[in-house]
Amino acid sequence: MKYIVLHEPLNYDGSQLQSLFSYKNFGLMGDSMSIFRGTCRVEQNEMVDIEDVLAQDWIYSEDMLHFIVEHFEMDLEKTIIRQRLLIATIKEELEKLGVTTLRRSGDDLYEEDKKLSVSISTLSPVSTLIHCGLNVSNKNTPIPTTGLEDLRIQDVLSFGESVAKHYCAEVTSMRLARCKVRGVQ
Amino acid sequence: MKYIVLHEPLNYDGSQLQSLFSYKNFGLMGDSMSIFRGTCRVEQNEMVDIEDVLAQDWIYSEDMLHFIVEHFEMDLEKTIIRQRLLIATIKEELEKLGVTTLRRSGDDLYEEDKKLSVSISTLSPVSTLIHCGLNVSNKNTPIPTTGLEDLRIQDVLSFGESVAKHYCAEVTSMRLARCKVRGVQ
Amino acid sequence: MKYIVLHEPLNYDGSQLQSLFSYKNFGLMGDSMSIFRGTCRVEQNEMVDIEDVLAQDWIYSEDMLHFIVEHFEMDLEKTIIRQRLLIATIKEELEKLGVTTLRRSGDDLYEEDKKLSVSISTLSPVSTLIHCGLNVSNKNTPIPTTGLEDLRIQDVLSFGESVAKHYCAEVTSMRLARCKVRGVQ
Amino acid sequence: MKYIVLHEPLNYDGSQLQSLFSYKNFGLMGDSMSIFRGTCRVEQNEMVDIEDVLAQDWIYSEDMLHFIVEHFEMDLEKTIIRQRLLIATIKEELEKLGVTTLRRSGDDLYEEDKKLSVSISTLSPVSTLIHCGLNVSNKNTPIPTTGLEDLRIQDVLSFGESVAKHYCAEVTSMRLARCKVRGVQ
Amino acid sequence: MKYIVLHEPLNYDGSQLQSLFSYKNFGLMGDSMSIFRGTCRVEQNEMVDIEDVLAQDWIYSEDMLHFIVEHFEMDLEKTIIRQRLLIATIKEELEKLGVTTLRRSGDDLYEEDKKLSVSISTLSPVSTLIHCGLNVSNKNTPIPTTGLEDLRIQDVLSFGESVAKHYCAEVTSMRLARCKVRGVQ
Amino acid sequence: MKYIVLHEPLNYDGSQLQSLFSYKNFGLMGDSMSIFRGTCRVEQNEMVDIEDVLAQDWIYSEDMLHFIVEHFEMDLEKTIIRQRLLIATIKEELEKLGVTTLRRSGDDLYEEDKKLSVSISTLSPVSTLIHCGLNVSNKNTPIPTTGLEDLRIQDVLSFGESVAKHYCAEVTSMRLARCKVRGVQ
């Protein structure tokens, strides 16, 4: 599994959550993760979470760190478990940088009642996909939020890369863990 | 998904990691989690992790909090991802009790270089299974360990129950998360 | 698995056979069944069964009892087996009401050569779906039909509910039946 | 899918519920169904349904019509759905012979409170398997039963063959039904 | 698995690589193979292989022998393995006609550096699909090619039929090979 | 996917066709291939192909080149397709060494009516496995055979390594081919 960190800004509008995004744009073949920074604004017709659509929620952030993950397997529940693990990994990487005030609730991260993250998993015709966005700034968000700036993360992209490194390594280690046990009765 | 907390001690020797353990012994039908406390001593011929067998590692603890999880699905890699999430959940539940010194490394929890946990996932003919054991005591273990006692967890079984509650709720929420998204291109 | 019975009429035109229909419209999350009554008119471009398209069959009924079932699994053959079981269940529920003159032929129900039902299963990007419609009236149908009225079913929606209750209970019981057997050689 | 009807008696003791039974004994390759007549006596250590083991139920019948079905697929829940359909098919074939007093409850057939059938599905290392037995005689059974004799079925094996013919044809038709629909959104 | 050989020319423009192509056009239900002869011209917006799209490759041949294969299973990797086997089978059938100068490189066939074939596999909403085209003529192709004419294949469609016969027989034999082995530890 | 070539002889008696053989003995984790040379003698009780057991065939060769392949996936039919591709690959590698007289028939290689190979695929509790053996010598085999010696292959293990290299590379390339296509309708 490969990742790429984009050093140019890229705004997320939902259309990045499509199959082969990382391959088409950055040449990453196979399971992959793209990390980039930019605004987040997803209109209703690009929303994937029908719960949000029904609730007429909208998603907006002036500055976010984005992760787009693609797994070339079709079991969406499996990718949702991976998504939760990704959120746990983000929290763990923040702990290494001294941030110990976060709690994970499903696929969300909070500091008290301020939300740090948005995240969704879905199916494409050929793969499963995850988007996770972490607020950098907490300005002008539709609900109370915190941002990586508030958590004193200096180098946002380099933090993103450390998450990617750990997530990709864990995907590999889980694949191998499957290959060294005998069955039981 | 249901769980049971045993208030009688039960020693773990590896034979509990078998299909239908919770159904046969406690009547839990379907995906389940059994929580109990007892010693941990697994002989070579009961070991499931061939890496441990090859390394001639052995597993021993005088007092452990045990989790046996059974998922009636046959994708071992998927259950290994769940196992990692279970380990992350244990860490998160300990954080709620004020323990902020742990780090997760794959399916292990450490405080500095002292190991808190053992864990394995495997396949039975009808299901996938997870065992996770947390040292209560750190005495006489073959490698440097820490225990829930060292972490000042007073009520070990009640801590086990809070983990079970969160894990079972998360399994349900992940199943439902799969049922409220549209696909993308 | 949950079901809902709509007491307002709803006409079926094929567009109801889409993913998340019951969630979007009635808030049912997860595997579900929606039961409603209304006309049935499916134009060629909404038809899902290509055999009907090729035969230039068309589907019309002035008044039908409709079942829309969604299973969040991607194995279409498995959902087709469930569909056959649903048809068998409908026949069995009619027997409880004294109707013993029906025969099942695959996914169709007949009284002699008069057709009671239409039914189809298909895949959406995130689930598998079943539509089954039972004629209430036999008037103006393109082929010889019988209807629930002819079979002296007084309360059509309440009959629909009894089918739903049994089908949903059976789905659950089949899931559990999978969790209480050992494997064999 | 092929079937064979044995004209020699064969007693069922549970050991017939094993992979490749029909191939090893009768040369049927691929998905198959074997039909035979004989006593049914399954000891505890051959029992596959752990619910029966826990309840210390035992299974005995002096004369039964047996069906052994093997599907070379590993999804046990899918084969359990097929098993329910097989039971519905048996009831439907009996209706063609004028027996209209039966009801299906899951994988059981009853006349009032008298049980006609026993049935179980399980996994082998290479396939899924179904056993279904229908009492011919109701004598000396541990619970109240009815038998095909009571239902005035004259030619038991020929009845078995008509069930096999319909079940095998339906398996084929369900496979093909999967191959003639377009997907929906 | 069935095949059909079209004796009328049919030009391939990519739109034939769609689900149910053989069923809609030629009435073949289930896994199938259609063989026909015609030009090959696939525009960018019909291209399925994103590698070709990114490379701005284009596909053109004045005269090709085409194979469209559909397998009603959703595991794309599995169908890609079948595709490689189809290519190996084409080479083997050519050997029977005395052509011993070809080599297979993945899903391509070459004579020295001249390409004989194009091929792609993909997913539809209900199936997996393979297209393979063999140049008959090598004229005006965008890269150096050889054609069945250069290889002295007289009767192109009859050659296509021999490939189809062997491929379909092998699909059947592989299905049965799965049904005659016991498992191992 | 990794491979190892053993330079010490190792006799094949069927017990090598077990899960984790390459991991336990040579430390290869994940999908793997072990290549070695030695006699081949498989007794009835080690035979995996029940067709051979029923035919009372036996397998014996004084000197064979052996391939043991393990894929950590549970779809046996998929591994059987891979097995056929392995056999095609062996034939292709022999062609590079000037051997153009072989034909493949399913999972067997022949020169005229002399058999070069034996091969079987099966399931373990945690993986699927392939054994393929190529006669080096044709002496004392129970049926007419040819051997790599007759085909003038000088360096048998080095030939085995070239097969392994190509097979492992093709497994990787097929995995990636799955990750660069868009779906179609």
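Per-chain numbering from 1; labels A, B, C, D, E and F assigned in written order.
Definition applied: contacts are C-beta pairs under 8 Å (C-beta built on N, C-alpha and C of every residue); 3 or more make two chains touch, one makes a residue touch a chain.
Here the structure is a predicted model, which is why all the values come from computation and not from measurement.
The chain with its C-alpha centre at the largest distance from the centre of chain D is A. Both copies, chain C and chain E, contribute mostly unmatched positions to the interface they share, with under half of the numbers common to the two. Here the CA centre of chain A is 26 Å from the CA centre of chain B. Remark: chain B and chain E have CA centroids separated by 49 Å (rounded to whole angstrom). Chain E has its Cα centroid 39 Å from the Cα centroid of chain A. Chain A has residues 19-20, 23, 50, 74, 76, 122-126, 175, 178, 180-183 in contact with two or more other chains.
Chain contact topology: the protein chains form a pattern that is neither a line, a ring, a star nor a complete graph.
Every pair of chains that touch is listed here: A-B, A-C, A-E, A-F, B-C, B-D, B-F, C-D, C-E, D-E, D-F, E-F. Across the interface of their complex, chain B is touched by residues 20, 23-24, 27, 74, 125-126 of chain F. On the side of chain D, the complex with chain B involves touching residues 50, 54, 74, 76, 122-123, 125. Those residues of chain D that touch chain C in the shared complex are 17-19, 48-51, 75-78, 80-82, 84-85, 88, 92, 95-96, 100, 103-104, 106-107, 120-125, 129, 170, 173-175, 177-178, 180-185.
Within the complex formed with chain F, the residues of chain A that make contact are 19-20, 23, 29-31, 72, 124-127, 175-176, 178-183.
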